[in-house]
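Got some structures for you, see below.
Both of the next two complexes hold chain A, though its partner changes from chain B to chain C.
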Partner chain A sequence: MIGVEVSVVSLDEWVPTISARIRRKGWRYGHLTCRRDEEGKRRLEILLLNLTTSTSEVISAAIPSGQADIPSITPTVPAAHWAERAVGDLWGIRADGHPAFSSVILNEAWPTDVIPFHRAADGIPAIRNTHLLSAHGSGIHEIPVGPVHAGIIEPGHFRFTCIGEVILNLEIRHGFQHRGIENRLATTPWRLGRFLAESASSDETVANGLAHAVALERLSETRVPDRANSIRTISLEIERIANHIGDLGGLSADVGFAIGAATFARLRGVALGLGQTLAGSRFQRGLICPGGLAWDIEDTRLTDLGRSLAELTHRIHEACELFFTNPGINERYQGIGILPLASVEELGIVGPSARCAGSHYDARRHFDHALYPGFVTNIQPQTTGDCYARAIIRRDEIMDSLDILSEVLKNVPKTSVLAEMPDDLAPNGIGIGIVESWRGELIHWITTGPTGTISRYVIRDPSFQNWIGISLAGRNNLIADFPLINKSFSLSYAGSDL
Partner chain B sequence: MVQSLIFALKQKMATDPIDFPDLPAGSRGLPRLTQQLCQGLACGDCQAACPTSAIQLDESDGRCGVSIDLGKCIGCGACIAVCPSGTIESNPSTKTATLTREALVIRQGESPSDSRQVVGGSLARSIDIREISTGCNATDQEVAAITNPVFDCSRFGIHFVASPRFADALVVTGPVGRAMQDPLIRTYKSMPEPRIVIAAGTCAISGGLHAGGYAEANGVLPHVPVNVFVPGCPPHPWSILHGILLAMGSTRAHP
Partner chain C sequence: MSNVLIGVALHCLLVASLPILLACVIRKTKARMQGRPGPPFLQPALDLAKRLKKSDTVSETTSWVFRANPLVGVALTVWLALVLPWTGATPILRGSGVADLILIVYLLAAIRFFAILAALDTGSAFGGLGASREAALSVLIEPGLVIGLAAASLSSRTLDLSIGLGSPVRPTVAILSAAAFLIAALSELSRMPIDDTTTHLELTMVHEATILEYSGRRLALIEWTVMIRTAMFFGIAAVLLVNGMFGPDAATNPLIIGTGVIAAGLFLAVFEGVSVKLNWRRVPSFVAFSTALAVMSAFVAAVER
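Showing the complex of A and B:
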């Protein structure tokens, strides 16, 4: 179980307290945000995670009304830099001392007087800054890309500053899909919220549904039946397999390796079919609900699943053999888009994008969700941190997940699948759900008010943490290699924009 | 090279052998109404369970009068699960696209309105499409899936193009929040006439789960006219193909 300890500090003690506490052994940065307490006062809060004890801590500081700036933690905890910018957009609060404070969610399409969580009593909000860093000089030019891209992908704007063919700097401008999901989740009765939570980023439907459920289960101290936990594991790993296969297909398509693209696209369909067999929907929507599963899965469906799995495993091995022995693939992907371990650790990069550079962090080893952390995964990190390593790590994770699936399918307990949840959650409580989605550590962080209703709902998608990784990995690479670098990270725009 | 060729030759055909197969048994499709009469307002379980207020109940003309707006429905199956009288069931059909917004509202005892009217005319054999994504990426992935070997949209003459300047039709996914409204309108205006717009997915049709918030994410209709509606959250790739073939006026789209 994740216990959450809350320390209240003053805004003056904010930076020194966090600086001291994050340096303790075994701790890492989770997320930073702002919420409004029952008296209407804004509170700046940071979530720190302890990997050794699987616990977490929230440090909370009240922001006096009338004040529109806070001391920035980014110079000491660089991982918080996007989060502070998001607080700026959504709350109208400026982080003083932030090295590059500009908008990250509400871009220039939003009128400056729209500040979703700001209230008149908070005083005059900080002015939103939508500045993009640019460079000038002989031979330097800019390339704007998006929000409407040439392919079938999500909208985002990339501004490249290049010298000739080489990327000097990349500024990422997001927020085109901002739908106000956090606000909606805090105003919807929790029993109706799960579909919305799933749609935060639908390629992570299961992970989002699971993190949502885990956070609510913490708040109501509900114990999920064993059968539900087994099926949740199966569901989460099917999602991981399907998306990693899809990415290997994308990596094939982006270098014109048509046979690889077609094969992986077809296999991704087979993996989505496993989801369909399990949950009746290719994206497994609606299966996971707080307390367990929305419906039971007949044993015959699990048997069918096991049968399709053997066939799929064989075909994936074949396709990966074709991909990784292809000289064109090796030549194009090796040595480009390098993100070194030092940057990974400093910026709190998560998931395969971190494990390709030598990081061991995998939320499945530390935090309670589905059968984890009791269930072992055997992924060995890569060390080179380049695009090729990100492809290799995807292959290894597919194989590992296939092993997990066949292991779990051997013995799915025959219990009920749903534990009764109370209508009211624990008052003034904090529920944290941490799930290793296929993109990495996904956090749902729920705070309840005095009556046990949700007062603040925060989602930290792995992409939100990792976008800066693309920016850095792209530097000093050829502009023509950028699509490959982008695909090798394969981040969600929707999950970051919310 | 040789290895790749041998591998390719060993593959069996991937493409679905028939057009518009039903969803596999046990799938959750969009809801449809059976002939079973229900308690209507006296029960109301389905209405209470619906997360997007897609269900209306009225008892005006002697019928139990349940109607479902598929343009708001996310296919979660909650209404089917709670219905005590078996009035609502899952529809396995993948031919779900319509040419009008009204045709998405289904009522008991009424057959779905006919959609034989042709949109495309000259586009019957080939159509070039630009996609705009504004949502949670589920429908995007299903749009991308129609290009894979299983659905293989190019055999119907359907191609995706990189610029709206070359496009006959625009496929829009997602609820079109504030920051995508201007890019959508500008993309639409960049297209040569006649411009066809296909709203794919429940979000694009009505805003779905996101409608009514501060992000003004209420779908495509407030911004550009829509010719074809493809309900579902997300719609199945075959349903998206159905929508595009309807826009082309292709006979393959009709019963």
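Showing the complex of A and C:
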């Protein structure tokens, strides 16, 4: 169980407190956001995670009404880079001392007087700044890409500044899919919220559903039955396998490796089919619910799953052989889009994108969700931090997840699958759900009010933390290689826009 | 005389039909290579017909260059296809000097020149990117193209390709020249491993980036010229090889050359299925093979003459 410790500080102590506490051994940055307490006061809050004890801490500072700026912690905790900008967009609060403070969620298409969480009593909000960093000089040109892209992908704007064919800087502008999902989750009765939570980013349906469930179970101190935990693990790993296979296909397609692309695309279909076998829908919608599972899975389905799994494992090995022994693939991906370990740690990059550079961080090793952290995963991190390492990590994680699946399937306990949840959640509580989705650490952070209803719901998708990584990894690479770098990170736009 | 007329008529017929047939073969084979059934065999032809019926959208910021480019492309490409001996049948105006090597190379360059201008005319960043890459490529492939073809027609002591390509040539020279020519052709046609014709990633495109803004009829015209140029380049390579291996008689047999073109298409489709696109920095060294082979061919031709 994650225990959450709350310390209240004043805004003056904000930066020194965080700087001191995040340096303690075993702690890492989780997320930074703002919420409104029962008196209508804005509170700036940061979530810190302790990997050794699997606990977390929230540091909270009230922002006096009438004040529109806060001291920025980005200079000492660079991982909060995007989070402070998002607070700026949604609350009209300016982070003083932030090195590149500009809009990240609400772009120029939004009227500047639209500030979703701002209230008149808060005083005059900070003016939104939609400036993009640009460079000038001979041979320098800008390439705008998106938000409308070729192919069926999500909208996001990339502004490249290039010297000839080489990328000098990349500015990323999001917000074209901002749906106000956090606010909706805070105003929807929690029993209905799971459908909304799952749709935060649809390729992470299971992970979002699970993080949502875990956070609510913390708040109500519900213990999930063993069978539900086993099936949750199966469900989560199927999602991981399907998406990693899809990414390897994307990596093939982006260098014109047609056979690889076709093979992986077909196998992704097979892997999604496992989801269909398990949950009746390829994205496994609606299966996980707070307290356990929404329905029990018949044993015949689990047997079928085991059979399809053996076949898939064999095919995956063949396809990976085809991909990783191809000299063209090796040449195209090695040494491209390097994100060094130092940057990974500074910026709090999570998931495969971090493990490709030598980081060991995997939420499955530290935080309680499904059968984890009791269930060991054996993934060795890569060290080079380039596109090739990100491909290798995906392959290794597919193999590891296949092993986990066959291991879990051997012995699924025969208990009930749903624990009763109380109607009222703990008042004035904090529930944190941390799940290692296929993209990395996914956090659902729920705060309840004095009556036990949700007062603030925060989702920190791994993409939100990792987008800045793409920006850095792209620098000094050929512009023609950028699509490969982008694909090797494979981030969600919806998950970061929310 | 009537033999010549029949030959010319056959040539014109092949110019009209072979390129589209080749496009169909390539598309279908590529699909089968990926384990897909693929679209109906005639889909490329049907797509062309559909687009020709559609009106097109032209950006207001463009000038006449953008609108004229497809017509220039069609006019020059069809003219080249008519005068070059690439089908085995008799090209029009054979021996009159219109198929002069230098002229041909510069007419090809003129097509690219207009394509580049039109891409710049759109003012889109992708157009500019594609134009700059297309220009860089055209500089790289010219030596291989010129020297390779000149070496093959050395024994005839004329630069008129309609005669030169049918003159007796050593197998070594034919193979070297054909190889040089094919590598140059892959770059000229923006095929793998230089450019992926099927990609949707604008940042990686060469040729496709220059035609992104085209739609409807004009897009159909551009696609048709690409089909013709593909068949024409394969045809010339086939003529070179067949001439070197089996002599001039075989090289003027439309059946053999037609089969050769389709075989080259099959080879291309298989190659494109298994190959990986080159890093843009590696493209010059790949195209340098073409120049190297062409120079070797010229040496062998000069020594053995």
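Operating definition for what follows: the second predicted complex is superposed on the first by the 498 of 498 C-alpha atoms of A that agree within 3 Å, B and C clash if a C-alpha of one lies under 4 Å from a C-alpha of the other, contacts with A are read in each partner's own complex, and residues count from 1 in each chain.
Rule of thumb we're sticking to: contacts are C-beta pairs under 8 Å (C-beta built on N, C-alpha and C of every residue); 3 or more make two chains touch, one makes a residue touch a chain.
Because the structure is predicted, anything quoted here is derived from the model rather than measured.
Visitor: Would you sort A:184 into first (chain B), second (chain C), both or neither based on which partner it touches?
Guide: A:184: touches chain B, not chain C.
Visitor: One more residue to check, A:375. First (chain B), second (chain C), both or neither?
Guide: A:375: touches no partner chain.
Visitor: Touching A:262 in the superposition: chain B (first), chain C (second), both, neither?
Guide: The answer is both, since A:262 touches chain B and chain C.
Visitor: Looking at the overlay, what does A:482 touch: chain B (first), chain C (second), both, or neither?
Guide: Once the two structures are laid over each other on A, A:482 reaches chain C alone.
Visitor: Is it chain B or chain C that touches the larger share of residues in chain A?
Guide: Answer, by number of touched residues of chain A: B.
Visitor: Tell me the contact category for A:145 with respect to chain B and chain C: first, second, both or neither.
Guide: After superposition on chain A, A:145 lies in contact with chain C alone.
Visitor: What is the contact status of A:326 with respect to chain B (first) and chain C (second): first, second, both, or neither?
Guide: It touches chain B and chain C both.
Visitor: List the residues of chain A that touch chain B in one complex and chain C in the other.
Guide: After superposing on chain A, chain A residues 150-151, 259, 262-263, 266, 326 contact both chain B and chain C.
Visitor: Under the touch definition given earlier, write down the residues of chain A that touch chain B in their complex.
Guide: 106-107, 109-110, 114, 116, 147-148, 150-155, 175-181, 183-184, 192, 195-196, 199-203, 205, 246, 259, 262-263, 265-266, 268-269, 273, 276-277, 280-283, 285-286, 294-295, 301, 318, 322, 325-326, 492-494
Visitor: Name, in rising order, each residue of chain B that touches chain A in their complex.
Guide: These residues of chain B touch chain A: 3-4, 7-8, 11, 14, 24, 26-28, 51, 74-78, 81, 130-138, 140-145, 147-150, 160, 162-164, 174-175, 177-183, 187, 209-210, 213-215, 217, 233-234, 236.
Visitor: Within the complex, which stretch of chain A touches chain C?
Guide: The touching residues are 141-145, 150-151, 165, 253-259, 261-263, 266, 326, 328-329, 331-332, 478-483.
Visitor: Which part of chain C faces chain A closely enough to touch in the complex?
Guide: 30, 33-36, 125-126, 128-129, 192-193, 196, 198-204, 272-282
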